[in-house]
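One structure follows; several queries about it will come next.
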């Protein structure tokens, strides 16, 4: 049996205050829930508190709704927001791509084999290229071309797909388009982008060519929540790969693909396992 | 101010049972202690529970002894053992070495600059070579030669040094001698050895030469608690370093030095920060 | 243009002797070939010499056959064996699998997108499970079940596939069957296996479960040429991944998949780019 | 016997042209020198050629001067610059520091134990703090304070130390002062600085604090040749270390120390082993 096949997750955050851990753990005890893993962190500099608990309920017929309803008042005393996630939950997801297929291919593989607890509802792209890949996986593919003139309209259709599919997470798997402020705001905290550099180094276009010009000996990738400030959203994961003088820009592009895939899928896994907490411009990540 | 300059650490373990987290966190709340960081883990396969809490006490005149005394009964209900560590505590340590000085040098540097919260009380060696290094750092150096005939006697003197200095931790920083079962038992859970291989691969002598013969592409080091079963004690940390065909055995020895130092000092830091829990033949490590 | 789109590769090895580099480089100069990258290594302990040269020919109509014919006598003076590889060469390959699909999926992706200069001619398996994956990529799939009684016969059919497809390399992408000595010998130096441990640690079956029992803090994978001595063939690449106490055996299995894929595909890339030289029980690898 | 105890190094570079490898290897053959390891690289984009050869001479009484004199004309035909380095050569070095001692301590240890083939002639600092450390190692310590007003004068005295000691390499081991353009130029290609970030990210002061503000999940260090453009000199080595939300700026400073030491000492080793070639704003590094 997999480690988490029978455990629920309670993830919560609130302003720092005496009793923040106790309000969670005492309630779990009262509910006769058995805590199998717990992390909490209090950010001294910003005054934020974060807690993530995995627990086994007292019986198989445990009612998440009743638990939630009973906890909501206690949480309110601490201005605490929380999410309760049942075992086996698969988060509904929309993936956005452009022409590069490596991240999409990697996510589809992990999805198909059950390695990532997600439910891909649709793939959206401004190009038709990756349709066969999506179709082979039995997924709807929305080809929504974009031009400067049609951007607003295209984004409206993108948003429609997200809404209609009930996607709780949007993964920008090398989408290569800058989202409008409006769409960024709608997707705040639930859209993860992969940037092919170690942000904040090499922001903007063609980061591997920038890296080549600087003669760096390491290239990397950064998965981050999008926000209105391009390539500046809160970082979730970063990965790195050594390179040498013998790597021309096109070699850096090729070498970077693996680390982009790993960095993005890692960030998605952490997000859907409720291990990531967004707090101003930073994240708290309770990794295993 | 450093992250932990004003935080106490409570580390505890006991058999798995409902309420193990609550008994700790409820008490801390009652004592008006503010939890800044907490990890807990319940080992499903072995039925062991482990918790580590960093907290700020309600006032500067917080009395550790009173806290301890008040908690001991509650802990007993759960067969829970615990340790309470005050901020600024420096664990008394004896370091044992042979002729190789890289790990000793590294530990002394971290000790001298306050990076490791330890108090080195003595350096013990079966060779005289490293005395100047110890002396420059103002440390007593006990040269206790060993032969097959004098092993029991030598170990008795080693034990005497440990006892007299009040050492709570013994670091075998490339000591290169096998301790007797008797001494292993006395030091159970409080002696850390560095082995220059990725255990359980290449147990025994000259692991880098074994690694060369096998043509491996990675060499490594393992820091572990010693036990009666040579090179089989519970592993705390492991580190790794890529090597190539151009590395002869003596190059592997040289390349391995850095990773040995890092792996050992990391294990010592984790131990003295009470992040390591020993449980049968394995460890639970709550890293940051 | 990609780095190697117009470069030929000359890879050679012979016993150590004065003039081994010169015999290669002088010839290239005479042929007006421009060396873009060269590595040579002389193994002091075993007395073997290895050289790999990438070069641009003087004109687009460069004749590999003529070059080969002209060099063969000079090479013979040094008992030198060599291979000349034209730009754009794709090595014919047969992949053998069992039920686990992660390595196959990874290789197919790299093949389909041109990242690996291979030409997959067939997929062979003792199970039917992965046929759809092969078929979607337009590849013949040979389901050749095996039992202790039919092993010889099954291997004969495997060998037939290898022969008929003209495969120069066989990739055991988690095939999970031990090949007979006879087949190992036939495939000497041209069959690469991925083992899911840091060999020589955890040889044999269920290495992740062995790793869990030992409480290691790193798991890894090893790609190696097969030979008659199970899990002891010459190592090409090794990869590693940190794990923790919170990873149960099934988590180690899951965590290991990525490093298995990367380690195997890296080994295949090195092999087909003629960067690996086999020499007794070890390899010389001229990585970029 | 160590790998390089009896091998000479010939390192050369010149503009790309047919015959650049041959001019070196033919000469070595004529001189009956046995090549044990060779790397060459031709940079397609910039048109530069680089070669590094380790060789064993035909006899113990091999005359470097005669070799050099005989090769100089041939090299001239190719506008080739070259350096010949005898086995056992220890490059004379001056180390410059400020108050932080970790890099100095690390370099002194490697120097003292013969791991780095350097001869430290002096330690220069704008502060008195590290004098005892230098003195224990038997090294002259020049305390040369600096103020905006006295900068020119101080640099003149620094230069005097470099000149008088015959230093061929200056190591800025966290010197924390910006050198004048004039001094940078004098030290072009022979002064290595360690910057505590993954350049070009986080240039300038307090990079760990910048990194904290950005919420990065990796911190790093960069060793580079200094040039007139602050923190923009050609990169030799880069290292990286994972960090988490629980690392405050002072924790990043602490965590970064190890990677700074390793990155700097690695760069120094590569430089003194003649593995680094400077070419415009980039380096070619022939690592093992």
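The first chain written gets the first letter, and so on, giving A, B, C and D; residue counts start at 1 in each chain.
Quick note on the criterion: a residue touches a chain if its C-beta (ideal position, glycine included) is under 8 Å from a C-beta of that chain, and two chains touch if they have at least 3 such contacts.
In this text, all values refer to a predicted model and were calculated from it rather than measured experimentally.
K.L.:
Considering only mean CA positions as chain centres, point out the chain farthest from subunit A.
P.N.:
Checked the centroid distances; the maximum from subunit A is D.
K.L.:
Nearest whole angstrom, what separates the Cα centre of subunit B from the Cα centre of subunit D?
P.N.:
That gives a centre separation of 36 Å.
K.L.:
Centre to centre, by mean C-alpha position, how many angstrom separate subunit B and subunit C?
P.N.:
Inter-chain centre distance comes to 41 Å.
K.L.:
Do you know which subunit D residues sit against two or more other chains?
P.N.:
Correct list: 3, 37, 41, 44, 244, 246, 248.
K.L.:
Drawing the touching chains as a network, do you get a line, a ring, a star, a complete graph or other?
P.N.:
complete
K.L.:
For the complex, give me every residue of subunit C touching subunit A.
P.N.:
Of all residues in subunit C, those touching subunit A are 1-3, 37, 101-102, 105, 109, 113, 115, 136, 244, 246-248, 250-251, 254, 257-258, 262, 288.
K.L.:
Considering the complex alone, what residue numbers of subunit D touch subunit A?
P.N.:
41, 43-45, 198-202, 213-218, 220, 234-238, 240, 244-246, 248, 281-285, 287
K.L.:
Spell out the residues on subunit C that touch subunit D in their complex, using ranges where they run on.
P.N.:
The touching residues are 3, 16, 18-22, 25-26, 28-29, 32, 34-42, 44.
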